[in-house]
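Chain IDs A, B and C follow the sequence of writing; residue 1 opens each chain.
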Amino acid sequence: MSPKPRVAVFKMASCDGCQLQLLDAEDALLELAGAIEIANFAEASSRLEEGPYDVTLVEGSISTPEQVEQIKEIRAVSRFLMTIGACATSGGIQALRNGRDLAEVVRQVYPTPEYVRSLERSTPVAEHVKVDLELTGCPVDRGQLLGAIAWLLQGSVPRPPTTPVCIECKRRGYVCVVVARGEPCLGPVTRTGCGALCPAFARGCYGCFGPSQPPNTEALARRFLELGMSPVQVAEKFRFITGYAPAFRETAERLEREEASAT
Amino acid sequence: MRFLDEEGFGRLMALLAARGYVVIGPTVRDGAIVLDRIDGAKDLPRGIREAQGPGAYRLEATGDHQLFAWSHGPDSAKRFLFPPREVLSTATRLEGELRVDPAPLPEVRYAFVGLRSCDLHAIEVQDRVFAIADPAYRKRREESFYVGVNCGHPGGTCFCDSMGTGPRCAAGFDLALTELGGGFTVEPGTARGEELLSELGSREATGAEAAAAAAVTDGARERMGRRLETDDLPGLLYRNREHPRWDQVASRCLTCTNCTMVCPTCFCNDVVDGISLDGTEATRTREWASCFSEEFSHMAPGDVRKSARSRYRQWLTHKFASWIDQFGTSGCVGCGRCITWCPVGIDVTEEIAAIRVTDGEVAVAEEVVA
Amino acid sequence: MSLDVSASAVSEAEILAGVAPRVATVRRVVQEAYETYTYWLTLDDPVVRRAYRFEPGQINMFGVVGVGEIPISVSSDPARPMRLAHTIRATGRVTNVIKGLRPGDRVTLRGPFGRPWPVSAARGGNLLVVAGGLGLAPARPAIYRAIRDRGAFRRVIVLVGARGPEHMLFRHELDAWAQWLRFRGIETHLTVDIADDTWPYGEGVVTTLFPRASIDPRVTTVFTCGPEIMMRFAVRDLLGLGVPARRIWLSIERNMHCGVKLCGHCQLGPYFVCADGPIFRYDEIGELMGVAEL
């Protein structure tokens, strides 16, 4: 990569939380400004420059027809496209509507539904264009994000770990909520990256970072049932922030069918 | 054998602190007895007992005054002697010059209080891995002080008796205590321990006290939560590499790494490099790793152990078989942590027993020359 | 407290020598084949440089600061350890950064590690080297040693295969060996899976060279190195020819983080590839190579 790579940041359907991970990193932001040229970052500066970009960060899922077009344009002017956050990598919390009647959801959520134009489904960026690197998380982990940028500047594409949250939970010496409290935790099927934030507060993991190395969601679901949850309650656990990720979605769907056929 | 009254234990803690040790002992946090820095007997889990089984652990109040009437929680001395995350070196790159600085050797001196015999054995098992090539481990290890406690309260998942590593502390301690009602019998294991003991104001133990101390561990032996038939484990596991049980356990295993993290002998680690955004400062860190990670066996052409089956087989075979070839000891000390802290309660003793009763169900695959 | 570490087979000094990374400077970069370059290096510290020795088949942990450290065989002549070379193919995270290295750039080295090719075990008989693709890099130091010590062997035979001419490492050197070294008793035969018009040697997988080498199983010691699938075929044919398993040596790869038997990554059954290997005798690991995902 030539002396100062041009970096752009774009936002699709999301809450800005991931971009904020960059904006709030005050020390790092200064350092970053020295290392890269920020060519397009609507949240941070008014300077909006045309592509091409060396590295493009995209936050948010694709959920409107405009975004489908926009992401293709962005891809065309980006040498390296990196999606950041649960929305961009698995459709995010918006993907909860996937598979439901959209009109119904819109009526429930918005006071003036006639202004809302939306696609049937909220989908990850990689369903539309080729993505060179995905950083999961809700929000992304700042250290992981800055680390990835630092590696790219060295000319290397990092490989974020796929091992479950449990490894970090144990490294940090947190007491397991499943074993010591009998509470559900998605840590065993979620990839590490957050620093085991929820177990640190004696809460089960919500799965923000998405499925880990091929996860055994079925075995974990059986365990949750043993803890006294109903199939639908277990399904709800899996249908959270990254619920549209295939591994979580499939187990949730199976559990819902199970409960439906039982009643 | 000496006898130390209840206040004597407080004097021991104070003396260790006075000698500059950071005292590490059992204490209650978030519903478990963990190992952490303690400031005196008040921090110990007095009157607390635990109940543990596969995938389950709960604390209970006993109402008595015992300090050590429990069996260990998830932590072992490994957390301190081989820390979960440790900087190995830093590097600076300026104007084309590169400087690499190994991390300074650790200054801290630990005094471990309340280690059980299984855990003292586990330290000696890890010595064989780290003592030569890891100067930081070696320094921490050599400078630490070890107060063992003879075990009177084996946990529901314990099987040290089967592994020959307990319940009585046989080696690896400076002092070993046995808790009796109203005090402790104390045995020194080293000159260093003897010297410390001489300052504690103990007295010679009576014959009755000595007999009571022996009864504590004899009773524990009777109450082991688990047993394991150890006869020719390497042969058993090596000739059953293609046993159907591996598939069966893989359907239950989350490959979550918990068993390897809590195991006091598991030593695997990753070396991870990081660099500053301007590319001038780099840090090399070592962190706990596990053979349950798919990426653990990554090679450019593909990961070697892709299936959960192969990863569970690596763990169990390493602990109970190949460890013996590699280091001349078993990799398992029978502490039972991997059973308790497995979120789905997979039990190594049960897995081995299942293979043993169906030994040879599928023969070792013939050598495949493709 | 003194530690009991009697179980260790390697001497303490040997291990400690490999623990600290040493800075080295890239002197020259030569393209050898598709995405593959040889990096000629010198260790910066003159004392370390003069003391550094390696055996054929040993590896260094090759480090790019801030990016990572990977196991790479030494590919240069063990008789000239101050001129150190590594031949590296760009395949991923670390190697892609290595691809960008230029003369004057600094890297780190730790090593050498591992059990070498037992060149002297072939003395008095025939030495047969069977290398495929990148596998020639770890084998080359053994060939150099055999060339220097040619009188000690009855025959020295070098068989090299590659996917295509553009994948053949050290092409000029191999041409020279094939044409000139045969007069000094080094028999070199080359083949590629798919040849083109410019390719003057054989076509087909490396085992198709066996008949031409007229291998005498009673006195031949084999070193083979290359993709695992190639080594399997080679070993099958060699055993078929009557070469005993204990005279076939091969080089095995596993993920490595430490090189000194303490990270656990390189385990293959009871072995640590970093210390018990990477060079193994076939009768030691043949059975293990047959177990999937070990």
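Note that in this section a residue touches a chain if its C-beta (ideal position, glycine included) is under 8 Å from a C-beta of that chain, and two chains touch if they have at least 3 such contacts.
If you're wondering where the values come from, they're calculated on a predicted model, not measured in any experiment.
**Q** For this assembly, give the contact graph shape among line, ring, star, complete and other.
**A** Topology of touching chains reads as complete, every chain touching all others.
**Q** Indicate, using Cα centroids, the chain positioned nearest the centre of all protein chains shown.
**A** Smallest offset from the overall C-alpha mean is found for B.
**Q** For the interfaces A-C and A-B, which has the higher count of C-beta pairs in contact?
**A** Looking at contacts between chains, A-B has the larger number.
**Q** With chain centres defined as mean CA positions, report which chain is farthest from chain C.
**A** A
**Q** So how far apart, in whole Å, are chain B and chain C when each is placed at the average of its C-alpha atoms?
**A** Their C-alpha centroids are separated by 38 Å.
**Q** Please compute the C-alpha centroid of chain A, do the same for chain C, then give the distance between them in whole Å.
**A** 43
**Q** So the centre of each chain is just the mean of its C-alpha atoms; given that, what is the distance between chain A and chain B in Å?
**A** Computed from C-alpha means, the inter-chain centre distance equals 36 Å.
**Q** Going by the touch rule set out above, which residues of chain C reach two or more other chains?
**A** Only 66-67 qualify.
**Q** At which residue positions does chain B touch at least two other chains?
**A** Residues 274-276, 279, 289 of chain B each touch two or more of the other chains.
**Q** I need the residues of chain A touching at least two other chains; which ones are they?
**A** Within chain A, residues 150-151, 154, 159 contact more than one other chain.
**Q** Which stretch or stretches of chain C touch chain A in the complex?
**A** Against chain A, chain C makes touches at 64, 66-67, 93-94, 96-97, 100.
**Q** For a test of understanding, state which residues of chain A touch chain C in their complex under the given definition.
**A** Within the complex, chain A contacts chain C at residues 150-151, 154-159.
**Q** Which of the residues in chain B end up touching chain A in this complex?
**A** Touch list, chain B to chain A: 29-32, 34, 55-58, 73-75, 79, 84-85, 251-258, 261-262, 274-279, 287-290, 292-295, 308, 340-344.
**Q** If you look only at chain C, which of its residues touch chain B in the complex?
**A** For this pair, the touching residues of chain C are 1-8, 10, 12, 15-16, 18-23, 63, 65-69, 91-92, 95, 104-106, 108, 227, 229, 232-233, 235-236, 253-255, 257-258, 260-265, 267, 269-270, 272, 286-287, 289-294.
**Q** Which stretch or stretches of chain A touch chain B in the complex?
**A** Residues of chain A touching chain B: 28, 31-32, 34-35, 146-147, 149-151, 153-154, 159, 161-164, 166-167, 170-176, 178-182, 185, 187-189, 202, 213-216, 218-220, 222-223.
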